[in-house]
């Protein structure tokens, strides 16, 4: 049998699915974003207009887009460091030779990751209820004023960030833990002989050795956090005062609530470009940092 | 990554390849079978919303006994998602046979050519007699002279209030105009104690401000509904009144998601007024203890100078053009339109029937809570019947919310609202200019 | 630092973190057994006064939870089986079969990972409308029948299959399909389990696409049903919590049973190959 043909037969099902249900739609989305496809056009294609880049132009002049973008950046900029910091801290704890019952702790800390976002968001909504929530109750017990967590525009996003950190940190924890375990123990041995303190060992051995792991974890987490949607959908419906409206929520609303598919496609593409640019920026920083570190060594 | 290099052992015996393939084939067959819904001639898909959906299920066994050839499959959509679900169903070509439709959405779905004209059915009907319906409500179902829906129940927003709290504050009667209302709210806010307000106006609901706005003479849109008219003196007057309630701390800046149980809170005296709709009658009866049942009542909505207008709300029953069972769907509409059934529906839920003969039943005649609605319904006003209205009114609520939070002044808010409205209506203007007609 | 103190500190911190991680889940479980209205009281009750299964009964008897559970099972299983089949074949081909443009095609696939899935959603809806798959199980299943991540995972693992083994079989006259079925697949078993549980969990927890494509509730999966319930029945927190338990418990148990495979897949998938 022709080996080439065999290979393509093996590839066919997957490539067919990815091509028809992913690649073609992505290209179509680009085309769609240049039209004013809406409900009228859905009812009758004669009502479709080609509008060029107007959707993108209008987006740049739409306050809601900018605030959604701002909210999303806020979520990423605060959520990612907190999330990875928590992952790193718990991974270090789990990696410590002094830690007990490691499998139990590892499983328990990982448990939130496998839960369903919608279901646990419902739980958090109640835990952070102003009146009957566990959190305000605990605050009250230690004499603090209750906070209107999900109703105050200043607190809603921090609450969602806390939720995202709780839900996601276990994932990166496992990856970082594997990275920690891959560091050769003799490096620490040598450092100990040189009399380096624990913080110095962390700073000069652990962190540099973790660098590739951390870079990858950061890139994946950033890309994931930019796609914020289900959390605000369930917890706040984008409110209060649209303070938890994310770019993806905006796309969902424009596209699947009001059926302005043209505008929504422009939102989706803009988000894609932003994620891409941020990823490239991170890679560039990492490479520059590597060069600087290499130069020093 | 080669973490399994030691696994080069050829462990081939009796690989259960065929099981795997059978499983695959079976799943494929299942998937494709699920793709096509079984199209039994007898099953009627009926979409209804929220409480109405839950209540109507109880009315259907009798219908199915009368029509053994029809089975009704009721799908209950949450009110908050209903509008979106309907549009999605239209976009995806999966509309039901018939549905309950908020009467402001009829224009929208008609513009999409999704609805079946009903006049031929009504002409031959012995049950649905247009003359028996309140004319204002019947009119909301006619778009450019064509009838698309039969009113099912009517609703408007008015005041629920605590009689005892008003009395304690020195008021024998509920307010009749805005001045009295302001005075009472100010007095109720002053009462001692923490964490209480005069009124509950959830900031994520548009109906309250819309009710106040409809009490003004100025229309909400102008020039054949092609431009916003929110910078009119009338709308500004309404918005200012609305915003002041929050600025004076007479109402909390809360969304209804944060007040999951308003009835109990009103029972506890957190609020003395609640501007809401008829379904609350039953909730109050159900959720407040017997000892408090004498304490709450309903009152018509105060207007700027005397009893004011309100929303011509409510739902209609419509049949979708794509339905293969239009005859059966009409049979169900006729059944639900019988005065007897409408009275039962009222007893289940508190939703007001749209026809006069239904109001003659003792249940409604003797219900004091319903009487305020009866009088309010004399003064209801429709909203613009254009497809974009739902979106415009959503923007109105978002901007009013920001004004209530003090982020925008009334002038800024109305200017922004007109700007957004005009942008939303751009396509409508283009359509009117290019098609010279209403066809989309 | 005093080693005893250090041990106390480290284990104490771990215990604290674990409590924070598990508290919401335990509270969910506790509230789900409370009587309606019990949780909305002050002081906030931690345990039910009289544990009841009433919420669960209500969910399954009136809210149609049984149906949603079956829907979720059906959709997640179908996606798992189908995408497993296509990903295994493609991943193996990329790892072990020679054809022109192999590396470039694979690079292109990996490059496509940067495109968020949501970009495709709007046209995908129109495409599925054309195919008549809106509001059907197939509408959820079909777009997930292959995944780049899955192909990548399989390829990484399959590269460890020794070429000599395959060559020997070819010399013996075995056809490619036979080699795949009888030699390769058994060797890929560990990654199959890993990929299966990964896919199943992702499909079970998926929210946005089912929310878009399923318009009628008879096809709802558990997350959709729960989100919808949470919007309409916000006042019944005990019922909501029971719904959350029903949604979360199956995946949590599955994870506990197969966590070794799951965590391994997570590592294979995340390390650059």
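Each chain carries a letter (A, B and C) given by its place in the written order, and its residues are counted from 1.
Here, contacts are C-beta pairs under 8 Å (C-beta built on N, C-alpha and C of every residue); 3 or more make two chains touch, one makes a residue touch a chain.
Small disclaimer: the values here were computed from a predicted structure and weren't measured.
Two chain pairs, A-B and A-C, are compared here, and A-C has more C-beta pairs in contact (counted per touch definition above). Among the other chains, the CA centroid farthest from that of chain C is the one of B. Look at where the CA atoms of chain A average out and do the same for chain B: the two points lie 35 Å apart. One simple way to say how far apart two chains are is to compare their mean CA positions; for chain A and chain C this gives 17 Å. With touch defined as above, residues shared between interfaces to two or more other chains in chain C number as follows: 40, 85, 125, 142, 212, 237, 271.
Within chain A, the positions touching two or more other chains are listed as 256.
Contacts with at least two other chains are made by residues 88, 91, 257 of chain B.
Those residues of chain C that touch chain A in the shared complex are 1, 3, 6-7, 10-11, 13-14, 17-18, 20-22, 24-25, 27-28, 31, 39-44, 85-87, 89-90, 92-94, 97-100, 102, 109, 112, 114-127, 142-143, 145-146, 148, 151, 175-176, 180, 201, 204-205, 207-208, 212, 222-224, 226-227, 230, 237, 240-241, 243-244, 247-248, 251-252, 254-256, 259, 262-263, 266-267, 270-272. On the side of chain A, the complex with chain B involves touching residues 36, 38-40, 42-44, 47, 49, 58, 129-130, 148, 150-151, 153, 236-237, 239-242, 256-259. Of all the residues in chain A, the ones that touch chain C in their complex are 1, 3-4, 6-8, 10-11, 13-15, 17-18, 20-26, 28-29, 32, 90, 93-94, 96, 98-100, 105, 107-112, 114-120, 122-127, 131-134, 137, 166, 170-171, 174-175, 178, 198, 212, 216-217, 220, 223, 226-227, 229-230, 233-234, 248, 251-252, 255-256, 261, 264-265, 268-269, 271-272, 275-276, 279.
On chain C, the positions that touch chain B within their shared complex are 40, 74, 77-78, 81-82, 85, 125, 128-129, 132-139, 141-142, 156-157, 159-162, 165, 181-183, 185-187, 190, 212-213, 215-218, 228, 231-232, 234-235, 237, 268, 271, 273.
By the touch criterion stated above, chain B contacts chain C in their complex at residues 1-5, 7-8, 10-12, 15, 17, 20, 23-24, 27-28, 30-32, 34-37, 45, 50, 73, 75-81, 85, 88-89, 91-94, 96, 257, 260-261.
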